[in-house]
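Okay, so chain A shows up in both of these, paired with chain B first and chain C after.
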Partner chain A sequence: MVKASIFYIVWQIIYDLIILPDGRLDHFLSVSVAVLAKNALSLFGWNISALDRLIVIEGYRGVEVLNGCNALTLMALYSGFIISFQGPNKKRIIYLLGGIGIIFILNVIRIMAFSLATVYFQPHWDTFHEFSPFIFFYPFVLWTWYQWTLLSDDQYRTDSGLSFA
Partner chain B sequence: MNNKIYKIIIITISMLTVALAQDPPDLPGAPNQGPIPGMIWLALSGLIIAAKKYFGNTEK
Partner chain C sequence: MDIIKRRPISYRLRAILCLTLISLFYILLIRPLRIHINQEIVAPYFLALQEENQELITIENRRINIQPDGYDSPRGFGVPFGGYFWLPFAIFLISRQKLPALGLAGYHFFLGIILPYLGILFYRGQYWAGTVLQINELIFQAVFLIALFFGIKESVDQWREEKELKILQ
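What follows is the complex of A and B.
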């Protein structure tokens, strides 16, 4: 708990003082998500264009990937748990990199869904946006966190066994 | 004929005055850059998972 608190305080300071003013990481994440979502939708035959953070299906409203929507905060929250909670270090790296990668991919799918939402249910777009993390991100993050605690449980048992031997 | 033109000019000017007197529409504000919605619930759920595991292990 203390470890997690320290992690999130340090993260917030680094983000506010370095990452946010610099802007490159946020911009890279937002633009890459927008471009990948655009390319994926193009593959499915949609007539779609991308301009920086903005993607637009021809004839419909555009979707802009803002800093808050690039999932960087979620990646930090996810990482904080994996780093703070005890577990085997080798698997920790796999969980960290794999988890961040999967969150990135899920975000691309989420932005694709937002774009399609402008075509199929524009009046409910805001509601969809509000609840989208509960569909795309949170089940995965919670499941991965739970799996990580199981791994850490295994290690705890092994450690206990060794200490008793 | 001249009278008609004067009338049109006067009406146009008076209509223009009304149109120009309207406030221009507000410019859009900065978009919301806030985090992904509901992240507090995720953090709380993580806290519960961690606490459950931690206290579960301590009891053993």
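What follows is the complex of A and C.
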């Protein structure tokens, strides 16, 4: 927990001092999520347009992917645990890259859902937005962390077995 | 002397009861109380700090945001003991993990004191306090997720043990 806290503090300082003022990473994540969500919805036949971070289904309210909505924070949160919790290093890289990739994809699906929410339940959009991490992100993050701790336990058992042999 | 052996409440029933009661407790009492505390105590204090025609502070139901000149996005804090406390707390209660539950409660008490203070410092030009508020946002989410994770993990382990015991009986 201490290791994870240090990781999060260092990450937030780097984010505040370098990544946020630079703006490119946030902009890339937000725009690519918006464009991919727009393309996916177009494939399903929706008449939808995208302008930078904004996507709009024709005739309905737009959805703007702000910095707080591009899932970068969640990627850092997810990574902090995987980095801090002991485990095999080769698989750690797979879990890190795979997890970040899946969070990105889940965010595209989430933004698609936000856009569809403007059509089907606009009055409840804010509530949906507030609880969306519980639907799209947290189950995945918790499940992957669990798998990671199982791997970590396995390695611990193997290591202690070797040391006693 | 007769000893009455009570059958312990099953794990599943305990989980359902605990989650339902805590949800009701939160929705009926805690949520309105958090809004009341923010609107009636915290917000007026912060608004009083603000000079006329200044619009640096925005008040939400359960949150205060401060955006000094030169900042693209606001920094702020929410009233602690929200859903991000009660969900892991309920899971700790279900799995009878007293120490983590107390630790979580202590953390939220600490936030209740330190966050408004950091907010005041940030408003008064101590910009490092803004960075600490941002760090807190991340740590806050991390504490929630990690508490939830270990709470659920322990719960699942206990539930499995109970199941195995039943099979053995």
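Assume the second predicted complex is superposed on the first by the 165 of 165 C-alpha atoms of A that agree within 3 Å, B and C clash if a C-alpha of one lies under 4 Å from a C-alpha of the other, contacts with A are read in each partner's own complex, and residues count from 1 in each chain.
Rule of thumb we're sticking to: contacts are C-beta pairs under 8 Å (C-beta built on N, C-alpha and C of every residue); 3 or more make two chains touch, one makes a residue touch a chain.
Since this is a predicted model, take the numbers as computed values, not measurements.
Student: Does chain B (first) or chain C (second) touch A:Asp126, or do both, or does neither?
Tutor: After superposing on A, A:Asp126 lies clear of both chain B and chain C.
Student: For A:Trp145 in the superposed arrangement: first (chain B), second (chain C), both or neither?
Tutor: both
Student: When the two structures are laid over each other on chain A, which of chain B and chain C touches more residues of chain A?
Tutor: The partner with more contacted residues on chain A is B.
Student: Scan A:Thr73 for contacts with chain B and chain C and give back first, second, both or neither.
Tutor: Both partners, chain B and chain C.
Student: Of the two partner chains, chain B (first) and chain C (second), which one does A:Asp52 touch, if any: first, second, both, or neither?
Tutor: neither
Student: With the two structures laid over each other on chain A, which partner does A:Phe81 touch: chain B (first), chain C (second), both, or neither?
Tutor: Both chain B and chain C are touched by A:Phe81.
Student: When the two structures are overlaid on chain A, which partner does A:Glu64 contact: first (chain B), second (chain C), both, or neither?
Tutor: In the superposition, A:Glu64 contacts chain B only.
Student: Just to be sure I read the superposition right, which of the two partners does A:Asp22 touch: chain B = first, chain C = second, or both, or neither?
Tutor: Neither partner.
Student: Using the touch definition from the top, say if A:Ile9 reaches chain B (first), chain C (second), both or neither.
Tutor: In the superposition, A:Ile9 touches chain C alone.
Student: Residues on chain A in contact with chain B in one complex and with chain C in the other?
Tutor: 1, 4, 67-68, 73, 77, 81, 138, 141-142, 145-146, 149
Student: Would you tell me which residues of chain A are touching chain C in their complex?
Tutor: Against chain C, chain A makes touches at 1, 4-5, 8-9, 11-13, 15-16, 20, 67-68, 73, 76-77, 80-81, 138, 141-142, 145-146, 149.
Student: In the complex of these two chains, what residues of chain A are touching chain B?
Tutor: Going by the criterion above, the answer is residues 1, 4, 64, 66-69, 71, 73-74, 77, 81, 84-85, 129-131, 133-134, 137-138, 141-142, 145-146, 149, 152-153, 156, 160.
Student: Considering the complex alone, what residue numbers of chain B touch chain A?
Tutor: Those residues of chain B that touch chain A are 31-39, 41-43, 45-46, 49-50, 53, 57, 60.
Student: Quick check on the complex: what are the chain C residues that touch chain A?
Tutor: 72-73, 131, 134-135, 137-139, 141-142, 145-146, 148-149, 152-153
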